[in-house]
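Chain nomenclature is as follows: A, B, C, D and E, assigned in order of appearance, with residue numbering initiated at 1 for each chain independently.
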């Protein structure tokens, strides 16, 4: 007897995958406006697992673009069945939704213009710092030992590209965000050499595939698929494909080697969220 | 519906030390500030443009017409982005840097919203002036008024009275349109609305509260202008149905 | 006082005035009549420089109005004008209607202006209505206020453009009475009107216009006695039928 | 930053064109649906049945007091909850479909005010004449009043439609891919905002400008016929 | 044909009709006159159930119109009505104006309706204008079309509400001629009009109303001979002065 998401998929014969449109290289649109990326590849494996579990070789796969604002409501109301993007697994979010084991660990750091002279948190005192709606960089900065006595002015971009543009155009001295997203933005900019990611990690955050809450059978299936990929080394191959090689649509190479924290996470998979 | 109602969360503390309801209040404050400031810009500029378009001077009319054409035919959100991202790159570099670093976002947003709304107000002021009998201008001139004096003492006082209802809906609109300024980093009510949804996912509660807040803002504006309308009503004259 | 010489005017390619020449001497009362659309209003507006004209010249009190150096507001303030639709300012009280131009144009003090206004209001028999708004008065009353407003500027001459044609029959006389009195006092007047009774009573000359041209320009008695043009004859016949 | 890079436009023109097509679809749908619904609301508002009047007035005032961008987001998030409540099932609708619905509902409030003044601009004697010939209420409305109201208000209806066309850009707030949304998404990915927004502004301007000129000519035509 | 019994009507607290009683026999022509605001239009609209009334009863062709069971659209389709401002449908051609009600209400075929319409249009002398829109006709022509439109429904009687009062003088006669002809053919007619020439020529009875009440209801010769009420006398004096 199936329950929850698996039952819904079985009954409807479709599975709806939520994806982002500009989270490079996890989940974004390629030149043909198809969702691609590291997380999308992982999810494709999950979908395969669902097919064989439910014995539905012709399972229809639908894609639904989501944004950082609507991904949780859409999960809750059943529009999407799993979300493959760059969603941080946090304890607060676990009140609303469930998460798979983490497939990526990001560090919150900051992107600066090389010519700005900003090299560490200490240099930020009194400066404007960009963040994307939803996070507050000054709170993060203050949590860091070196940043305790620092006062910054928060400015908000409506999304990562806007926030990065604030740094690029000189409106903000730094953009505080997940380092991998910063790397993606820099690689895509007109002059990648002008920018650097600096400073200590203000916080480590695990990314997970988002699921509906309290749906143990489905979560078990997703987790098992991901853990198998990690154990078999398949996950690392995918990592190399997306993080160390040129990627669509413009053949930019992120050159973002695997961090020790991520290596550890792949060795001992966990679904623990950050506070 | 397995929706999880929770009105308590408004009193929970957020990670910047404020409570959620304080976010709403601060958003309300910014919405009011942006709207009123933009309204002032729009009224002033819109009136000037509206008057220009009724003068006998061809080139003044052309300038006014072009302004209205341009600012009415590009969506507000696009205009805000242009002001924010494009204009600083087009002006001389020194000025661009100043615009990006020292000019408060509030000013950019007010300029964007104000200039957009000015086009609409210019239309109304013009139609108000044109709806007056042509003889009113002649009468003013015949008494020895200069062209400007006929506007100041004769035509504008009546034109404003005639278009007051239309101006009222424009003033109510500006509160609604101000919601779009979140896109250029103004922490107004809609910004806080999105932010709270993202943090708490209590969609229904916050939607109800924010909708109500916008409703009240528009309503207060409406009553305020209804009062003005009553105070400026001319005895023995039926006006009040201005241009659309 | 007023010299009009070879004035022609076009709206686009449509000629409204064709080579109009006439004059009004000091103290003279001239009535202008003619069928609808013949250019009467346009001609009288040209005298006040309310409408520009393309050819010819108009001299008022020695000043050529087509001269770009002429201070038109000043000139206009010396010429009183009364319109068909009164054109009082609806958002001002009667008192303010009478005072505003005295204050803003002539630079009189408010007290002086109001006093002068009230005196003239009394003269047209409307002192009791000083505090009202134009919308609260009848058409005939409004037109009398408009005359008082023009007089308050101490004009050297007065122009009237069909001052009674927007009025109900019973109000026409109260306005004509004021005008007759004014004429008798020696005011220089140029009057577009179809009230031939008025013309008979006080006009010195009558001008008949048709299709933008001055067709007749004759002393009153000559005009009513034996108008030369056929057009004027048939016009008079129609008008006098009433 | 004088080195403009318009390759971002040429490389993605298909995506932008798709977006424009969607914008036009939403515009046409919301216009048609909005005018029909708005006309019904206007008739309700002018009817002599009090509850209908109240409902229509409440509807119109509500939607005219709330920011469209908020309605778009709220409907998008709440609609599935409502559907789930009604049907007991989870019915995913998606951002694109949600926009059709939201805009129709929202614009109906504006169109209804236009149709109301259109209906009121028809002389009352026309209604009397309709009845006197033996028409029923619905025949009088259908054959006599509404055709005239519609004709009288055509320019205003079109002007409102231009506003609607521009407002569709707000669906980017829920991630739907209209013309502006497409531009926004490409900007997120390829980081060429200056080039992108400039192009978008020019395209909107051209379309709206041409439309508003057409409205002006139409207005002149109608004025002559009347 | 038409019986009006003790009809009273109020707008809010304002009484427009006070206890009106009269009748129109088959083939009879009744003229209703009276000063402005006396309730003539209201009375005639009540006959057609275009206005509701609160007291009394009106029976048309044996059917009580105040009866809630009465099929009003059907009844109205049998009673022709002509309005002061013509009320042709401006968005339809003359042909469509004549045909639409025949098709939609009487269920005639389009061909039949158009034929009938054109025949009547010929009768009022306007066959050449069938393809035009109402806005392209003069007032007198429009009113003749309006009469033809009412006749196209084969009415058992006709109601007229000041059919000539919105017309320029030279057009009044072309409309009255049509009405006179209609009356001579024996149509039952109830006519609000101030055209006493028309009344003299064809009316059988004249009703005089004042302040919502029927003050006189007399045979034509009696009415013009010796109207009883003072009000009617002074009204007649004013009207006939023209």
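Just so it is clear, a residue touches a chain if its C-beta (ideal position, glycine included) is under 8 Å from a C-beta of that chain, and two chains touch if they have at least 3 such contacts.
Chain by chain, the UniProt names read as follows: B, D = Amino acid ABC transporter permease; C, E = Amino acid ABC transporter ATP-binding protein.
No experiment lies behind these values; they were computed from the predicted model shown.
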Chains in simultaneous contact with chain B and chain E: D
Could you tell me which chains are in contact with chain D and with chain E alike? none
Farthest CA centroid from chain B: chain E
Going by the touch criterion at the top, tell me which pair is linked by more C-beta contacts: A-B or B-D. B-D
Separation of mean Cα positions, chain E and chain C [Å, integer]: 46
For chain B and chain C, let me know how many angstrom lie between their CA-based centres, rounded off. 45
Would you kindly tell me how far, in whole Å, the mean C-alpha position of chain D lies from that of chain C? 53
Mind checking the centre-to-centre distance between chain A and chain E? Centres are C-alpha means, answer in whole Å. 81
In chain B, the residues touching two or more other chains are 85, 89, 194, 197, 203
Multi-chain contacts only, two chains or more: what residues does chain A have there? 69, 73, 162, 165, 169
Scan chain D for residues touching two or more other chains and write them down. 1, 73, 77, 81, 84, 193
Touch relationships between chains, expressed as pairs: A-B, A-D, B-C, B-D, D-E
Listed in rising order, chain B residues that touch chain D in their complex are 1, 3, 69-70, 72-79, 81-82, 85-86, 89, 169, 172, 175-180, 190, 193-194, 197, 203-204, 207, 210-211, 214-215, 218-219, 244
Residues on chain B engaged by chain A in the complex (per definition of touch): 15-16, 85, 88-89, 97, 100-101, 105, 182-185, 187, 191, 194-195, 197-199, 201, 203
Contact set on chain C toward chain B in their complex: 45, 48, 50, 73-74, 76-81, 83-85, 87-91, 100-101, 104-106, 132-137, 149-150, 153
Write out the stretch or stretches of chain A touching chain D in their complex. 8, 16, 21-22, 24, 28-29, 31, 33, 64-67, 69-70, 73-74, 77-80, 159-162, 164-165, 168-169, 185, 188-190, 249-250
Per the touch rule, the chain D residues reaching chain A in their complex are 1, 3, 5, 11-12, 15, 18, 73, 76-77, 80-81, 84, 90-95, 174-175, 177, 185, 187-193
